[in-house]
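Working notes, structure below.
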Amino acid sequence: MVIKRVVFPGRFQPFHKGHLYVVKKLLEEYDEVVIVIGSAQEGFTCANPFTASERFEMIHKALEYEGIKRERYWIVPVPDLNKPLAWTSYVISMVPHVEAVASGNPHVLYLFEWFGLKTIEVDLIFPEKYCGTRIRELMCRGDEWRKYVPEPVSKYIDEIGGVERVRRLCHDKRY
Amino acid sequence: MVIKRVVFPGRFQPFHKGHLYVVKKLLEEYDEVVIVIGSAQEGFTCANPFTASERFEMIHKALEYEGIKRERYWIVPVPDLNKPLAWTSYVISMVPHVEAVASGNPHVLYLFEWFGLKTIEVDLIFPEKYCGTRIRELMCRGDEWRKYVPEPVSKYIDEIGGVERVRRLCHDKRY
Amino acid sequence: MVIKRVVFPGRFQPFHKGHLYVVKKLLEEYDEVVIVIGSAQEGFTCANPFTASERFEMIHKALEYEGIKRERYWIVPVPDLNKPLAWTSYVISMVPHVEAVASGNPHVLYLFEWFGLKTIEVDLIFPEKYCGTRIRELMCRGDEWRKYVPEPVSKYIDEIGGVERVRRLCHDKRY
Amino acid sequence: MVIKRVVFPGRFQPFHKGHLYVVKKLLEEYDEVVIVIGSAQEGFTCANPFTASERFEMIHKALEYEGIKRERYWIVPVPDLNKPLAWTSYVISMVPHVEAVASGNPHVLYLFEWFGLKTIEVDLIFPEKYCGTRIRELMCRGDEWRKYVPEPVSKYIDEIGGVERVRRLCHDKRY
Amino acid sequence: MVIKRVVFPGRFQPFHKGHLYVVKKLLEEYDEVVIVIGSAQEGFTCANPFTASERFEMIHKALEYEGIKRERYWIVPVPDLNKPLAWTSYVISMVPHVEAVASGNPHVLYLFEWFGLKTIEVDLIFPEKYCGTRIRELMCRGDEWRKYVPEPVSKYIDEIGGVERVRRLCHDKRY
Amino acid sequence: MVIKRVVFPGRFQPFHKGHLYVVKKLLEEYDEVVIVIGSAQEGFTCANPFTASERFEMIHKALEYEGIKRERYWIVPVPDLNKPLAWTSYVISMVPHVEAVASGNPHVLYLFEWFGLKTIEVDLIFPEKYCGTRIRELMCRGDEWRKYVPEPVSKYIDEIGGVERVRRLCHDKRY
């Protein structure tokens, strides 16, 4: 019996409820989701405040809290190649066999269509609300951001001093 | 409660019984093992015939067959940086928090000692027998290699035509 | 009307009569051949004595001498990625649209089969004679090498002091 | 007899009438122009919507339509190094021997002056009109862009759905 | 007797009085300062107009003018890795043994804290005045910039035509 | 008054008396020598056991012991690019202005000749004795190696456990 898998790449800065919704939706159709943490080499910058290690833990904690068993997903950090076309085969060569890629990002969808893999354009729920950039801005301004991320993610961000980190890194926007 | 994790890097060309033995040993002491597939960008060469995708599946099948639950391990492919000292923080930044690194390779042990992570020199069982290079040579010569790898690994290698692949790739040693 | 093209990658250190034979054969079936100069970043080493610039000129001179018009081929230097799987889409994204890849190298054939492009295993004529490594060894030893390469190639190699270069670079095999 | 060649690097997103004008001007002085497609690794992003493969075809079709024979030019895609000073020798080592570089870009002119190659500052015709960035903006807004590119280029862009692609990729400016 | 060293990374575009002040302060506490020229691969762009070679000379001339002996500092250019976490061990592996890192940049401070090196948050004097970005803007606008840099630096910038360079490179902000 | 500088690249695994002899010879002709530590990213492998940090200290200690003042030299670690032709401008862009390059390595001499810099082929004294590879082999075999390196270098190697390190790393030649 062949396992039906789908790959879902994202930066997850941080992993929010929109991401969680996509994972759940994909698990209705597929046996397993391979969550690819993109830009895995990044961390401690304004746009990418969290390391791949931290994002790995956020995702794991959020899915565990939701009762999603580890049998249903893999988490695979993939560093940037800065060669978008080559990145397609790079990703596919490093994850277990997948049948499709799911994304809300037209860049990613075009790339994998070019590569020849089945693409699934995911319905993002309230993309203007569940959006990493916006959540980081709310953190900077001291506004309410916790409700946009799964509970274990906000708890973890607190533990690692994430809000203070985002504020300091984004104060001078160059980093 | 903090999860005690250890990282175990290797090339796993292929994943053999010596590797399996190390994973089991580490699971006696640690809650989870993070199996890092090194040289993840490689594949279809004499020294690295299997892609990271294939090695990922080999490891998963072998551990499943042994009854090791997914709650006990992660599989993380990491491409080479070709910058050994920088590779230390590269790896650590992409895996969930670990307390130690386990390896039988002095290069890896020296690197992480330099980095400041606890290192565990693993006892390899019969390293002259359970050795990727030797197993690939046995494949080339048409000798018995199956007994050195877990059963699901030999089955998977047969499914993907692995023996024929190794022979063709190693016929001309340049690749 | 769609142009039927095939890509033919090689290192061409130097471009020899075996390569020329392949190009001619491919032109019987295809409108155009895209000659990819691999390891294009290399030069002035024992294994890769000639720069991509020099190899570009060798190929052009050889084909011109044979009366093969420029309408029938392109020459595209491609630097190594050191990521074999990613290299497939890297190459394909940088050459005009091709229908197939031709090679005598099992590594290249496996890679593009994996990628999903039609592969053509080329019949090398006398591969033990028409072989870059062997031709460079003949140069080192002061033996007859000229008859294995097209006339304009041997002339060009003489112009750039190629034999002396190979000897000096290979004297100390480390480079 | 030595062939007089000049190298003309650009991103060609897309190849427009300003570029064509430069190529024609250079062919008045030089035997051959080596058109270097810069940022060759890019594609399917807002700033670099077209792959090097597509840009290769655009340039070829445009020059063919103008009656410029292939004997007069080469097209060489060169991926970014992200090391501007090293990029100078990188480019020169991968193209056939050139006597000069032509550009309208001060960054490129400074680099090759530093490297020691003869530089030609090209007169751009109506740089505010014939400008890749502006042409892509016109595409996004649904304004008239076709008159700024050679006819075969606009036809090719239509064939590959280029306008729709630019719109979707630039809708969310992050890509 | 162990030499007490501190590493001070910066881009130094150009080396200004704020940088000089930090070096002097650090020399009150440490035997030697290792000045790391970051983004060493850059040059001839609007944001990074000066090559590492030029920045090396600026720093040396400024310190010599101040009477700081060479026994008190090293200058080490380090190219970007574009992998911030890996960059920490990369830098440390290439400089003589240091006890701490000094920086005014929160990104750098977070990175080395993560790595486990002692970090010193330096007091920048008048950071809004002594700021590379601002000094380059003053150059562009033709305003007074010389008083913000040590005298030998402004002299050197004049010698290499630095003001004209910054103006031309920043005229079109893309570079 | 212009400072006359020469660049002297090497791997210095370890820095031996042959290297020291070259530095002294060059200082007879030049005001300053820029000692470039090549393959600076390497360390803890059989062929490159010492980190750039350690090689930096070796060189400094050896020159200090010889009474060569810091005013006469710079030490600049440069990581490999794996792009030999591009490496030429890479190196030159990161060191203070030099008039020539000195080397005993034909690969390096050819590269910089191609680049257009004055090259000096250095007379190695007893290259079969003063040779990094051979010195590391002597360490492996437990033979006398100390007399081939400056006294402070052998002392430093002892301090860092260098002999034991070379033995363990070279026991399994793969690393």
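A few points about this structure:
When the chains are written out, they are named A, B, C, D, E and F in that same order, and each has its own residue count from 1.
Everything that follows uses one rule, which is that contacts are C-beta pairs under 8 Å (C-beta built on N, C-alpha and C of every residue); 3 or more make two chains touch, one makes a residue touch a chain.
None of the values given here were measured: they were computed from a predicted structure.
The interface in B-E, D-F or B-C that matches B-F, meaning over half of the contact pairs are the same by residue number, belongs to B-C. Chain A and chain C have CA centres that are 42 Å apart. Separating the CA-averaged centres of chain A and chain D is a span of 35 Å.
A separation of 26 Å divides the Cα centre of chain A from that of chain B.
Shown for chain F are the residues in touch with two or more other chains, namely 41, 43, 51, 79, 82-83, 85-86, 90, 92-93, 114.
Applying the touch definition to every pair of chains gives A-B, A-C, A-D, A-E, B-C, B-E, B-F, C-D, C-F, D-E, D-F, E-F.
The residues of chain F lying in touch with chain D in their complex are 81, 83, 85-90, 92-93, 114-116. Taken together, the chain A residues at the contact with chain E in this complex read 41-45, 51, 79-80, 82, 165, 168-169, 171-172, 174-175.
Touching chain F in their complex are the following residues of chain E: 37, 40-41, 43, 51-53, 56-57, 60, 69-71, 74-77, 79, 90, 92-97. Here chain A touches chain D in the complex through residues 82-86, 105-107, 110-111, 114, 133, going by the rule given at the top.
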